[in-house]
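First chain written, first letter: the chains are A, B, C, D, E and F, and each begins at residue 1.
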Amino acid sequence: MQQTLFDQGLTLMLVGMGTVFVFLTILVAGMSLMATIVKRVTPAAVESAATDEEIAAITAAIVRHRNK
Amino acid sequence: MQQTLFDQGLTLMLVGMGTVFVFLTILVAGMSLMATIVKRVTPAAVESAATDEEIAAITAAIVRHRNK
Amino acid sequence: MQQTLFDQGLTLMLVGMGTVFVFLTILVAGMSLMATIVKRVTPAAVESAATDEEIAAITAAIVRHRNK
Amino acid sequence: MEMIEQIWTGSGLYQITGGQLGMLVVCLTLLYLGIVKKFEPLLLVTIGFGGLLSNIPGAGIAEPGGLLFLAYEVGIKSGAFPLIIFMGVGALTDFGPLLANPRTLFLGAAAQFGIFATLLGALALTELGWMDFTLREAAAIGIIGGADGPTAIYVAGQLAPNLLGAIAVAAYSYMALVPLIQPPIMKALTTEKERRIEMVQLREVSAVERIMFPLMLLLLVGLLLPTAAPLLGMLAFGNLMRECGVVERLSNTTQNALINIVTIFLGLAVGSKLSADQFLVLDTLGILVLGMVAFGIGTASGLLMGKLMNRLSTSPINPLIGAAGVSAVPMAARVANKVGLEANPHNFLLMHAMGPNVAGVIGSAVAAGIMIMFAS
Amino acid sequence: MEMIEQIWTGSGLYQITGGQLGMLVVCLTLLYLGIVKKFEPLLLVTIGFGGLLSNIPGAGIAEPGGLLFLAYEVGIKSGAFPLIIFMGVGALTDFGPLLANPRTLFLGAAAQFGIFATLLGALALTELGWMDFTLREAAAIGIIGGADGPTAIYVAGQLAPNLLGAIAVAAYSYMALVPLIQPPIMKALTTEKERRIEMVQLREVSAVERIMFPLMLLLLVGLLLPTAAPLLGMLAFGNLMRECGVVERLSNTTQNALINIVTIFLGLAVGSKLSADQFLVLDTLGILVLGMVAFGIGTASGLLMGKLMNRLSTSPINPLIGAAGVSAVPMAARVANKVGLEANPHNFLLMHAMGPNVAGVIGSAVAAGIMIMFAS
Amino acid sequence: MEMIEQIWTGSGLYQITGGQLGMLVVCLTLLYLGIVKKFEPLLLVTIGFGGLLSNIPGAGIAEPGGLLFLAYEVGIKSGAFPLIIFMGVGALTDFGPLLANPRTLFLGAAAQFGIFATLLGALALTELGWMDFTLREAAAIGIIGGADGPTAIYVAGQLAPNLLGAIAVAAYSYMALVPLIQPPIMKALTTEKERRIEMVQLREVSAVERIMFPLMLLLLVGLLLPTAAPLLGMLAFGNLMRECGVVERLSNTTQNALINIVTIFLGLAVGSKLSADQFLVLDTLGILVLGMVAFGIGTASGLLMGKLMNRLSTSPINPLIGAAGVSAVPMAARVANKVGLEANPHNFLLMHAMGPNVAGVIGSAVAAGIMIMFAS
């Protein structure tokens, strides 16, 4: 039996949303798994661009400069 | 008589290394000639980006700024 | 009657210069009209990149630096 | 005298059609929206000017041999320009907030409902006999609901080049209208109490995770949905260049010179499709209405998913960030932040909303892959 | 031994013709002018080197399959490179001085007389039997008088590709020679008193006018002379990006990376047309002489128009700024300023001369549109 | 249900072949080498990712119509990308150390023995029946020994496109391995005393010499070996832009935006040749082994030439700088410096090694010209 265009669209919607959810669910699972593995493997993720003291020093310098 | 592929390669190696050396030898000759001509024609190659005094002044300024 | 190449060029010159002048005259008219409209519509075109004091300060700084 | 007549018959004034005149007005409106209203200016200014150039009668800039025709053939028909833009977007995007809270991907998934609802809407209008869209056209129109310019242009270029102008204009216009379209829907579908919810600060994300993410994304899309692989692959490539830390010069150029150059020619090329016979038709009106509906539905489904997740989750989730799932990066995330602040002045949702926001980009690309697979 | 013979017969020394040797000397001269004399180095260095590459016998760089052949086909035959350069020029040009004093457009118009007088000259030489130029070729040669590199390359690419090399070389060489060619003419045609005239300071121009100007220019050219629309349209687009204030990143890239990349390949591609059989002919001598004459006539007609306007106008106009109408931006304006300062040390004409200077760009593009309409 | 089946049969999981799976592993390894091991990351990251994209089954990114296919056709088949990269290399290279001590060119010449020895090796393997390389293929493989990525890609694109993937991967991998491959050979072939030799400080080189050098190089290659003229011509052009001092904006763009953009697409396009049927074959193993041998022989012959020159020369020459003649700029020069410092803490060879290092680039391009002349 010939499907109408609208029926085709309806199926496409169901399949499409399903695929989007399945895809993103697997991605969530993958990301969580990766986070767990990474946390276990690397002892401590170091990523400090600037220490607090450095930031304080820079801020103080800027303030002083402005107030001159 | 048909040359084997390997013989072709052997000739290519001899001719190739020869060409490389001839080419670069001529280039060496050209460069040396050029250096001689340039030295004779231009009295003194001037190419100072900044005089010593200027550099000293700038350095002093930076040091002063840091010590403030 | 067949025009000579030179006559064609002559006509092209007259028509060409005419078109250039007509085009630019209309553009002048358009720009003047626009200037009038803009002046009427916008109360005051503000476009100061730097205040006079700032410029004075910068100039002074440069002069001082040069005289050192 | 003959020459003057030739000038006259060659002039735009003599040759112009009502349709071209109408398109000039449309394009000036796009420029007005871009320049004065600051609606997505990078695209609306270039598209609008491209449209002006293309509707000059007799100049042939958008016809074979013309510069914009060339740009269209080289860059859009081949899909190259939107893919390069996607690479640039990847290089510009920080997936950190998403990595810190992967669950927000569900919000980005839910918001794609706008895409498919619009597809259905376009087909319904056709069934009713009001419009006449094919499945391919309906699919391309639906992607407007993804609120992603390059995705919409890529899909339209593949499935419905005749609608490309209208679809691109609708996509960028509505992306700019997000601050007007979304807040009423957000307030209607959430309670004051929900909007006040504060969220737990995001954890730091390690460099390793940032590098692995684009690779994982690429492998997943490659294994599951190859038709989405060009889009997501280029996004992942741009992001890998950004995060891997060893090709900074390539990443910088991608984020600046390259994406800017391609944006200019992409905009001009899209403008070359703004011809009267393709734009000044009833279809365009349909596309504009459907696009608006798509945004609304996408926003709503994102919000409802947010409410659901808040109920099911142990850590609190403010449903407002679900609205950011439509993408329109970073506008939608800013709107979520603003509406949240109105309800609770200590409620900074921006970083939390960036998760679903970039998730929406991925979600739309997945939806685009589905559309290309089934509609083409 | 056979191989060594093959190297010898494949070598440039064996294959080189007198014509190629001559062209190598010509190209080295262009490099000398560009590097040592600083004549328009951006173009003369790239064109000169492109010419060297193209005249290496047996390398085939300018033949089908070669890089410069590719650059020519993709960029110049299609008109794309000069149009993109014009977009860059638009993004680099400040039309403020012109907007502050629109009447200076007339000076830019008058200076175009050089273009048409040269066209006539080329045809006269043909009538006399000294040269053999077609109308298309004469038109392309005339455009040299416009003192606009990209316009000349664009027109030559459309009307007389065989003369492209000579025309581009003449155009850029004479633009560089402006400081030598113009002052004697300026002094001969103006009185000391005229050169001393100081002009009223220019009014400030609002952002709105700056934004409206490129749009007005585009609409005018579209309605009146569509054949000039590609050139002026891209100029207007570049300028709109510059002035509209909302697409700064596109404007910056256009002014830098994009125009630089295109300049490199434009120069190399023009150089690929510097072959002996097209350049080392009597025609080239004719083109060089005619180009020089064109500059002189353009300068003179601009000056005379300046004198006329000074007489008719209520506010004083220094006729020297008329010489800047030939374009050669910003060199011609600087020359006007310098000659004015010599007569009166308080006479700063630079900003006043920028008006006719950029007007000359527009005027030449209009003249180019006429040429393309009638000669093609 | 039918649709779900269509998704399943369209998925990568369903379509993937063992070969593609193997290539994904190979490409991930390249990314690992580039990102973690920092092996030539600009190329290994882009090539590796391009390979991933190309081995996604069903996505067609490397097939006609796909972006990477387009990049390959436009940029590599035509030779354009490696030539533009060479222009960029010219703009980035300081030939000063070579000009200060021209004799070091002989070191760069000697190191090319690696190229021809490898060619011979490949033919020997064929004679033995272990492999099956044609002369063209053997020539392309030999060029790996030149340790110059763009030269290798250019020659492979001309002579053996089917081996391009393996050759590019081998070339860049071994260039990155220089710090591991070279030191043992250097220590084996030189005495402690030789390694301790300090060299006389280099003289200053005048701007005139720097400007004349690229011109002389171009004219020489044009007259003697035109088949090397595209490569060396573009290198000379880039260097002339760098040194002439009047086109700084072109030089800057060439060194940054232009070379970066081309690197990205070059890498992706090379990656598109990493298909299982061309890469997962015995030939690749042969190429990898031969490439390694080529590096070793080139290093050794450079060193031996260094020893010879040291004996014949009045001013001392440290033989270690001969190893830098394989190019791999600037890695090989740094290795020479490091090994020199180990023997004598006052022995700074870096600048001295830069001479043979850049000489190696020229030598490899000359060898490439020979290969193209005889093998094609």
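In this text, a contact is a pair of C-beta atoms (placed from the backbone, for glycine too) under 8 Å apart; a residue touches a chain by one contact, two chains touch by 3 or more.
Just so we're clear, the structure is a prediction, and the values are computed from it rather than from any experiment.
J.: Suppose you hop from subunit C to any chain it touches, then on again the same way; how many hops at least until you reach subunit F?
T.: The fewest touching-chain steps linking subunit C to subunit F number 2.
J.: Keeping to the contact definition above, tell me which chains border both subunit B and subunit C.
T.: Neighbours common to subunit B and subunit C are E.
J.: By label order, what chains touch subunit A and subunit C together?
T.: D
J.: Quick one: how far do you have to rotate subunit A to sit on subunit B, C-alpha fit, nearest 5 degrees?
T.: Nearest-5 rotation angle for the superposition: 115 degrees.
J.: Express in whole angstrom the distance between the two chain centres, defined as the mean CA positions of subunit D and subunit E.
T.: Averaging C-alpha atoms per chain gives centres 41 Å apart.
J.: Starting from the mean Cα coordinates of subunit B and subunit E, work out the distance between those two points in Å.
T.: Centre-to-centre distance between subunit B and subunit E: 37 Å.
J.: With chain centres taken as the means of their Cα atoms, state the distance from subunit B to subunit D in Å.
T.: Going by mean C-alpha positions, subunit B sits 52 Å from subunit D.
J.: Counting only residues that touch at least two other chains, what does the list for subunit F look like?
T.: Expected reply: 3, 7, 221, 224-225, 256-257, 370, 374.
J.: If I count partner chains per residue in subunit C, which residues reach a count of at least 2?
T.: Answer for subunit C, listing residues that touch two or more other chains: 12, 15, 19.
J.: Mind giving me all the chain pairs that touch?
T.: Taking the chains two at a time, the touching pairs are A-D, A-F, B-E, B-F, C-D, C-E, D-E, D-F, E-F.
J.: Note which residues of subunit D are touching subunit C in the complex, please.
T.: 3-4, 7
J.: Can you name the residues of subunit E that touch subunit C in the complex?
T.: Going by the criterion above, the answer is residues 98-99, 102-103, 105-106, 108-109, 112-113, 115-117, 119-120, 122-124, 126-127, 135, 138-139, 204-209, 212-213, 216-217, 220-221, 224-225, 359, 362-363, 366-367, 370-371, 374-375.
J.: For a test of understanding, state which residues of subunit C touch subunit D in their complex under the given definition.
T.: 11-12, 15, 19
J.: Quick one: in the complex, what on subunit F touches subunit E?
T.: 78-80, 83, 211, 215, 218-219, 221-227, 229-230, 233-234, 236-237, 240-241, 244-247, 249-250, 252-254, 256-258, 370, 373-374
J.: Please name which positions on subunit E make contact with subunit F in the complex.
T.: 3, 6-7, 10-13, 15-16, 24, 28, 31, 34-35, 38, 41-42, 45-46, 49, 52-53, 56-59, 61, 65-67, 70, 256-257, 260-261, 263-264, 268
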